[in-house]
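I've put the structures underneath this note.
Two complexes are shown next, each including chain A; its partner changes from chain B in the first to chain C in the second.
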Partner chain A sequence: MREEILRLENVTRVVDDVVLLDNLNLHIFRGEIMGVISLNGYGQESLIELISQNLPILYGRIYFHEELVNNYAHSSYTRNKVYVIEDPTKLVKDLSVADNVFVLRRGFRKYIINSHVLNRQLRRLMDGLGIRIDGRTLVEDLSPFEKCAVELLKAVTMGVKLIVVKDISNFISTADLAKFQRLLRHYTAQGVSFLYVCNHHEEGFKICDRISLMENGKILKVLENSKFRREFIKPYYVDAFHREEIPYKEGKGVLRFRDVVTDTMDGLSFHVEKGECVILLDMDRTVMDDIVRIMNGEMSVESGEVCVDEKSYQVNSSREALREGVAFIGQYPVPGMLFEDMSYIENLCFLLGEKTQGIWSDRKVQKSVGKEYEPLIGPDIHAKDITELSLSSLYKLVYYRVHVYRPKILFCVQPFADADMPLRSQIILLLRQLKKKGIAVVILATSFSDSLMAADRMLQVENGKLRQEYDRSQFYHFSQDATVL
Partner chain B sequence: MKKKPTHYLSYRMKFMSAGLAAILLLLLTALSFAALRDSVFVIPAILSWILSFAWGYICLNWLYRPYKENAKVLHLFVTGYLFEGVFDQRVDMNPETSQAMDKFRDMIKTDELISASKKQAQYLALQNQINPHFLYNTLEGIRGETMNAGLEHVAKMTEALATFFRYTISNVEHLVTLEDELKNVRNYYIIQQYRFGERLSLHIEDRTEEEEEAMQYRLPKLTLQPIVENSIFHGIERKIGRGTLEIKIETTPKRLIITVSDDGLGIEREYLDELNLKLNSSSIDNVKAYTDAKGGIAIVNVNSRIKLLFGEEYGICIYSTRNVGTDVEITLPLIKKDMMKEVL
Partner chain C sequence: MEKKEKNSFFKSFMAIRGIGQVITVTIGLIILCIVFGILSPTFFSGRNVTNLLRQVAPILLVGIGQSFVLITGNIDLSIGSVIGMSTMISATLMTRGLNPWLAVIITLAACLVVGVVNGTLVAKFNLPPFIATLGTMTVARGIAQIVNNNYNTDAIGDAAQGFRDFFYYGKTLGIYNPVWIAIILFLIFNFILSRTRTGRHTYAVGSNIEAAKLSGVNVFAAVLKVYLVSSFCACVVGLITCATAGMGTMDAGNMYEMYAVAASVIGGVSTLGGQGLLFGTVIGASIWGVLQNGLQFVGAPVGMRNVVIGFIVIVSVLLDVIIRTGRKPRKKAN
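Moving on to the complex of A and B:
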């Protein structure tokens, strides 16, 4: 007989006439890790909100430890004993780890705080987990993994029996993710349950006991551990599984890093070919930001050389970088990289201005680009107000803008972070389009996510050095961690 | 005919409260102005404002919110979402309304609903208008003849059919053990195997820690078989290739959760939404005979029986995706043999 920690029964939640959760059923047992993957990102936030607090619902019932805490007839607005680990952290950055874990919690009533006692208690807790963090360290000095571990400790110390872990692979590295998942397992053995919210099925497969696939605020399917195979997820993930082989020519490399040394790089060397898609997996999340800074001129190398098209690369700004054929797509390109007061076609042509002054606003150019790209983009290309368009359409705009500009190299920072399943499929297709046009794509990431489906080569970087290089034929090594085609 | 708003007491109350609040605010403002101008009664004026806000807050929690909750429950009742819930309101209008609702519940509840449920179960059994004893005897006769003729397969099939009919037709209104229900499903599977052969397979997975005890939990007779039948005929039959049926049993301290899954054709999104809506609304209208041939009616009927017998928090929920399969999750209270009298 398994104890049920949480049960949501036929829950329908409507806010401002928008149905956020639609007849949702979900139950989590004691010591279980239940995954939630939203196929279109819809309802995920609302679900977490409703689990944390008993907010009004249109219909349904919610039980915690088999006690009815919220129902259609009465919602008390009280908070449930649930902790959410997410980015940004809930820890107070200016306080020490021990203060965050023990002092900042409900029920702590001591007026005189003995920091030695707290540190000793914290050490005892950490010893059980096999991690070492000094209780006196300020939270702002912790790594993302350490922050998550401290939050986990805090939640457990508070006596929370259900912890929500939200999109954790977006802010901790692959190596740390494995360590964090070990911590989760440690606590499930002690009866703590987890709701593991993620965007990628391979990540969920590795840690969850069951996974609920969610779309439009309702559960489509609950996958049991025995069904954690690609064939069961494939029907929900249509286009991305068709791999199209787009060859590239090996040559002297359109981009070359030769023994580059900075604060974080320790003689990093690699090269990227024209039309090649390379994933640079930053195992300890140290070099990613520096690579972007070097490429957009914000930072220079201490020693070594960066070459683009066999010429030494030195720029002073990202505009100059663009003129040299180096483009960037940031981690959250929408809406950050778009101009909301400009039409779709103006946004699409905008980068062309770097090639010839003012050309992007030329009606004839816009008409010609519109004609060429309408079959690829669809009728949205004529939109005057881009704020009314779907997220998917805006992502198309960001990627096709690079396609129109045709740089030599594109750097994509964590392109799959925060993207739901259909959006990830679309990003893969867009990356393939860029490859087809001969643009070299460098994906800077801390986890595989779906990158391997688009990549030709993977470079593993650790401690500022290239640790290992894998080509497509060797990707099967990672079939446990990522979708490989 | 649409009634005027003033016909309703709630409207009159709102109107009167708003008037009262307006007068109060007017008086308070006048008092405050006077207090500020003459610098007298400043503290009483401030206190009056604080008390007014506190009073307003209490009114919100004591009057307005419960009133809105009651209105919402009644709306859910009218739209078919609720049946029992309407009798369990958190706050009542007055003792007379509460007593009237109790009386109303007594009038329609137990006997009538349970007899409706039993009636539905009997319909379930008698849908073919057959005489049970005649059928058993005939099937036993056929079995004997085929055994004599050495047709072992036909004999086994006839035996399975006779056992199936005996279980289906007798004492349909009773709660039976999970073991009996699963036995009947296995028997039904044997009959279907003669038709589907290796195309159909059945797996029963018991995830409870004490299997023997779990098998003794009670549930309404013929809860599982109609769902399995639906899965075969609407899911697996029209599918090309093999089909698998899985029955998974789980228990919590209060619930028995049975999931029947198939990897058949799945249900169209629109029809699935319609079906889940029907499963949520526990109207007595759903307790009816199998007159509609469209798939899913059996599930709706089984769901209505569960809700009528055990309450709205139990019942069936369906998850399905086209070309992937369907999962039917049945949630029942955990009933042991000694608890049966309390339930019925």
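Moving on to the complex of A and C:
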């Protein structure tokens, strides 16, 4: 019989009269990778929190290593030996890799630190994994993949038997994800178990042994490895994932990168047409940040040229960029890109203030925008306090704000990061709305997942260069769902 | 093989966080010394150099304490008042006939209480360090005034001559004792910061407090320790001040908290926490001392000296903020 690492039995967790976990059952065995796909994101955080720490539960029992650690009658608030790998990293960026792995952990007894010995030990561990990171390197200088590998190593060194890997494809590239998944397999062979939390079933299918589908804090179904097929998951997906062809005008290049060289770009060239949606798949997650920095004036190119509307593009600030018709939606835009002290309509008109004089003094403009967008947004447009609105409504606000402003190009950084399934389908619809208005959309991403649903082209960038270009007819290479559902 | 080892040593040396800034300020210090040496030939005289070292020692000591606190991302504004308290308590006890060394121990205990209070307010009750230490600054200054009923003390007398020699007038191997005290404390605290678990925890708390907590670091203990180090260093400077004047003055240590911040940040200790080397503080304190001394030699008024030092502090902090917020990710290797 397989050794059980974690068992949650009929667990119900209620906080402030809100049911976060509802009669939840979950078993993880030794050396197993259990996937959790949350269909609406609800309860996911609470589940991870509860696995990490024995917090009060209304009903049920939790067993860790076959020992009862938490139940409805008594919760000790103690921490379980669980490590969560997520973004932001739990490593200390100003210390070296060796310090993070060995010194910063419970149970490190030595008072005087011999860096040479630690580096030697680390090298031995790294060799076992087949990766090369100098123990003296500062964590700040590591790539996202290296940070994850170091966290994994740290967790194993701490003697942790269950590691939660949360939404990892949001912060490491597709190429690195495969490498990381190989590391997970290496450790499962040694008896370490993983809870792999992700938003997309295709990602989970590649690595997990079993997958639990979760909705409203409840496990709906556990899929065995043999059932990792689209037809088994399709009934749980909303029907919004269908393609819609929105033509764009070819030959009207609105953005052009011509042999651009920076620290991370090595002669990058590509162009984007008006009203086109392009995924820029950053295979090793090196150029994304630089593209944003170039476009908002924080950085200039070493050589090459960036053109917007066939004119050389050079700005000094994001405000100037906006005036030139370049807008941005960052990763995790809610609440990052909203002003909580402003009403919905004020937030919606915020960018418009750059175009229209007197928008803040003349209520007529705001009223007119309200009237035009009410059919699209609904009654939430009249909300005075946006903090009371749903996540879906706030996402609408972020995207419709760009829609109102109507820039030439919109850069979206990882738009599907952290989004549950309904939200992802909504983002796809919002991206389509922007396309319909003739706005060119550039999705900067490390994984394509649902971006393919809205995209016309995909540009694969590796080592700072354009490696490959795929048009819509070739998307089936990457995702069945992008073309079939 | 030898070349490889040399390369490895150089690589390790250059990999030390903040070493670049320390090298830069060291070059700045050398240039300053050359400039003042040219402007005033007596600048490099043996007498001036020994005096300069003695002048720098207290600044280095308070700089060491402040550096520990800054590395955890906090600040200690009570340093100057603790110096005043230390001076007044030790002098008062000595003028009342207490054995000087017993007076030193009592003074040390009293100053460490301030460190405990600072650490507890900041780490346990989550008070902003600026406000917490501003409060203890006023309290400590008040204690310095209360100790001798709002008067400066009389001379500490001949019985305390050994104390005065140990802390200020005495020489060992031709170098004044305060310099030795500073060197020994620097070596001890530098060892703690760079080679021990306590040191790593200090950096970890300043760099990412949440990560530190999750890695099993006792944040309260780490913060308490740095405030204790700061109070200890301020206490020693108070004792040096008492030995220098031979009496206790209520306003002793005024503005020293600012000198401490200046020595630290000029030497590359980050006000944002998580970064800094004590060797940098040595250079920072030396720059402060050389500027004070050198500008005096060339006849610059006190006001001008303060303007120059203040300007250097602002530029140092500005550089730190620019470097830390503008640091780009490493280029991915092919």
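Please note the rule applied: the second predicted complex is superposed on the first by the 468 of 485 C-alpha atoms of A that agree within 3 Å, B and C clash if a C-alpha of one lies under 4 Å from a C-alpha of the other, contacts with A are read in each partner's own complex, and residues count from 1 in each chain.
What we mean here is this: a contact is a pair of C-beta atoms (placed from the backbone, for glycine too) under 8 Å apart; a residue touches a chain by one contact, two chains touch by 3 or more.
Note that this is a predicted model, so its numbers are computed, not measured.
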> Will chain C clash with chain B on chain A after the two structures are superposed, or do they fit?
Replying inline: fit
>> According to the stated criteria, A:418 is in contact with first (chain B), second (chain C), both, or neither; which is it?
In response: neither
> Which holds for A:66: it touches chain B only (first), chain C only (second), both, or neither?
Replying inline: first
>> Contact-wise, after the overlay, does A:143 reach chain B, chain C, both or neither (first, second, both, neither)?
In response: second
> Which of the two partners, first being chain B and second being chain C, lies in contact with A:220: first, second, both, or neither?
Replying inline: first
>> If we overlay the two complexes on their shared chain A, which of chain B and chain C does A:91 touch? Say first, second, both or neither.
In response: second
>> So if I put the vertex at the Cα centre of chain A, how wide is the angle out to the Cα centres of chain B and chain C? Nearest 10 degrees is fine.
In response: 110
> Of chain B and chain C, which one touches more of chain A's residues?
Replying inline: C
> Once superposed, minimum distance in angstrom between C-alpha atoms of chain B and those of chain C?
Replying inline: 15
> For the complex, which residues does chain A have touching chain B?
Replying inline: 1-4, 9-10, 23, 25, 27, 29, 59, 61, 66, 72-74, 219-222, 224, 232, 235-236
>> Show me the residue ranges of chain B that touch chain A in the complex, using the header's touch definition.
In response: 69, 72-73, 76, 81-82, 85, 88-90, 207-210, 248, 250-255, 257, 276-277, 280, 313, 317, 319, 321, 323-324, 327, 329, 331
> Tell me, which parts of chain A touch chain C in their complex?
Replying inline: 89-95, 99-100, 103-108, 110-113, 136-138, 140-143, 263-264, 284-286, 289, 463
> Mind pulling up the chain C residues that touch chain A in the complex?
Replying inline: 12, 15, 17, 195-201, 203-204, 206-208, 210-212, 214-217, 274-275, 327-332, 334
